[in-house]
Amino acid sequence: MSMVDVTAKPDAFREAMARGIIKLRRETVKLIESGMVEKGNPAEIAKVAGVLAAKATSQLIPLCHQLPLTSVKVDVNIIDESTVEVISIVRTRAQTGVEMEALTATSIALLTIWDMVKAYEKDELGQYPYTSIEGIRILKKEKAMSN
Amino acid sequence: MSMVDVTAKPDAFREAMARGIIKLRRETVKLIESGMVEKGNPAEIAKVAGVLAAKATSQLIPLCHQLPLTSVKVDVNIIDESTVEVISIVRTRAQTGVEMEALTATSIALLTIWDMVKAYEKDELGQYPYTSIEGIRILKKEKAMSN
Amino acid sequence: MSMVDVTAKPDAFREAMARGIIKLRRETVKLIESGMVEKGNPAEIAKVAGVLAAKATSQLIPLCHQLPLTSVKVDVNIIDESTVEVISIVRTRAQTGVEMEALTATSIALLTIWDMVKAYEKDELGQYPYTSIEGIRILKKEKAMSN
Amino acid sequence: MSMVDVTAKPDAFREAMARGIIKLRRETVKLIESGMVEKGNPAEIAKVAGVLAAKATSQLIPLCHQLPLTSVKVDVNIIDESTVEVISIVRTRAQTGVEMEALTATSIALLTIWDMVKAYEKDELGQYPYTSIEGIRILKKEKAMSN
Amino acid sequence: MSMVDVTAKPDAFREAMARGIIKLRRETVKLIESGMVEKGNPAEIAKVAGVLAAKATSQLIPLCHQLPLTSVKVDVNIIDESTVEVISIVRTRAQTGVEMEALTATSIALLTIWDMVKAYEKDELGQYPYTSIEGIRILKKEKAMSN
Amino acid sequence: MSMVDVTAKPDAFREAMARGIIKLRRETVKLIESGMVEKGNPAEIAKVAGVLAAKATSQLIPLCHQLPLTSVKVDVNIIDESTVEVISIVRTRAQTGVEMEALTATSIALLTIWDMVKAYEKDELGQYPYTSIEGIRILKKEKAMSN
């Protein structure tokens, strides 16, 4: 087993954009919209968690290279009455791409939203029949050689 | 902002089971089945990444408590010609539940599978039109008071 | 060299409260108050960083024990036109106290505020003649035996 | 929320020097001077903690970039009968400055000194009326374009 | 105390190869060979642990620089009826060498093998009279200036 | 793959003692003895690294449980003109033993000594013909039921 050997590859400017959603109960989305979630602001905390996770990717995904990210941006949007979206954009100037970093930021931000609202998502038996994370994808990946 | 205060809660035996899937190209699933993925065995490496991620949950999800997990089990199964499933079961004896740990293990294991096969999932433009992570859910959560 | 041996000590409910301040330029404090800091909300991000740092204390301070924190709360307040205060309250049920966790949360939250506003604090030579962190102290430490 | 985008910035040689002090009881400073602190040598352990913290800055301060530090130096000096000083100097060749790394090294080194001597700083009620960390500042920040 | 200052050193292609062995009971080596170790596949899990450890070296060894590894390869081989060997090869393009990364990968992979088979190595008193890690060495270290 | 399930096991007082040695050139051991190692004091820094590593064991060894260590002690001794010994003693009150923690502390402390003196161990070709880590073993493991 080995990491892909990128020793001989030149640096390039690289960007990746990832997106995913979390399905929540309508009552929960209303609580988020009205700023009434008791543990704090889910969107703000999810964004911080996403940025930190992007930087921790090489410690979480075993064969990922350590890349010095030059920009990480995580956005959280309510897109309908039962759906919250996370979009992450990551940039670097390195020998390999940053799609795993964008995906990791998105995944951890979505999990953080779940954690922030989990008191409202549980049913009377303590289960989560409504909550799910869906559609984690790479929207775009770009590469431009530096000169 | 604060973590939920669980100081006064008694310990209980707790378990959570989470599941999620990754959609891949049929050619990629065949490579996994035949043990031909060049970077190594995606299922094995995903399981290790999932177990480690379960134990790192409180560092990744800002308001999660640090829980001493007494068992973590991560399974990876090919369920049809374009779908791989991850199921994680986490146990503890603690003051709060382990659903975030099971979800984090599942998410990081799924991301690790993506990373292991990303060379086969990209199209000729370097994009990922086929790959997505779907249906990350809690299948079951249990709690039993210890005596 | 060794960590203090607490093997034989009984568990107790423990709490510690720490406080510190950061001195900033008046213009910077106005930007914080009006929500105009370009990188994001310094108070929100500092609170997240503080909570995460409390949980990472035993990895940062070499001889600190690993304690399962049952509550962490970090508050950020503007207390006059050039001063922002951080107060952290940490609780556990463990064999030793949590003053280092409260102090670490406070220190990292203060550093995060600095980082969020550093573009506004630098003078024309790129130096920081105005900015300083002061008065990091333990306000209160409590212990109650559990039964 | 986003990290400042430094993708297009050129690398430069960068250095930052940070300083802070911890106020201790005179008896405690004498114990440090005479090498009688039971848990070990506070200055040595604080220096190690400071160097490691400098390298962990991007995991602690959410919007800090990951910078490959080329030099970290942490000094600990007793400057009068109740004051210990920490000075940290950090260097890199990167797209952005290292002031947060120097401040983080200094803060964690000061907290480590507190931890090492906390048995001697507590009063009979277990409180810390004498101990405080003060004056954490950037003494100097420099930048030179590499060619 | 300080990290060696490599600020002025040029980047070079660097490689290091480290090796070590673990002595085990013959029955244990047979279990590994036949894939009968109950906790999982020791070689696979050791390789993952080794690769992750290589990337964590600067957090574990206090004065190591943070190096962006461009390749990490860990191999595990049974070399006789009571000996398992680990060989790690690490590459980078950086200002200083990667021998500590190769040694750390090797050491953590060997410890992981021990952990995976520890149920079979203990005697009836719960002691480990047979198990030991031996001969951790650098086999080769290379450096080539990049142009 | 799964961590051993210890959910139903009772807590016990547990201790493990591990030992290992590093073989060095005689000139290097003399430099250590005379306090002339330029990067700092190898024994002091190795002890700090060992204590921190003990606490990080569950993040390094994939299937290790997270145990709240109640005591960690690392000693470094020069035992003859070319040999330095590390002995680590770890204690906890938990559901499973701490041999992996003692072994990890010992291994990382030995690697830290290597790193501290590597300038003196290299030959004229930059190789390490003299240096090796040997005999990492568990000297003793104990368990006593708590009441």
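Order of writing sets the labels: A, B, C, D, E and F. Residues in every chain begin at 1.
As a working rule, a residue touches a chain if its C-beta (ideal position, glycine included) is under 8 Å from a C-beta of that chain, and two chains touch if they have at least 3 such contacts.
For clarity, every value in this text was computed on a predicted model and none was experimentally measured.
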Using the touch definition from the top, list the chains contacting both subunit A and subunit D.
C, E
Please report how many Å separate the Cα centroid of subunit C from that of subunit E, as a whole number.
37
As a quick test, compute the distance in whole Å between the mean CA positions of subunit A and subunit C.
26
Where the centres are mean C-alpha positions, what is the separation of subunit C from subunit F, in Å?
32
Need the CA-centroid distance for the pair subunit C / subunit D, whole Å please.
15
By residue number and range, which residues of subunit A touch two or more other chains?
1-4, 40-41, 44-45, 47-49, 52, 56, 62-63, 66, 68
Chain pairs in mutual contact under the definition given at the outset
A-B, A-C, A-D, A-E, B-C, B-E, B-F, C-D, C-F, D-E, D-F, E-F
Residue positions on subunit C within touch of subunit D in the complex are 1-4, 20, 39-41, 45, 48-49, 52-53, 56, 60-64, 97, 99-100, 103-104, 107-108, 111-112, 114-116, 118-119, 126-128, 131-138, 140-141, 143
Under the definition above, what is the set of subunit C residues touching subunit B in their complex?
13, 44, 47-48, 51-52, 55-56, 66, 68-74, 91-93
Within the complex, subunit B is touched by subunit F residues 1-7, 9, 58-59, 62-63, 65-68, 94-95
So, in the complex, the side of subunit A touching subunit C is made of residues 40-41, 44-45, 47-49, 52
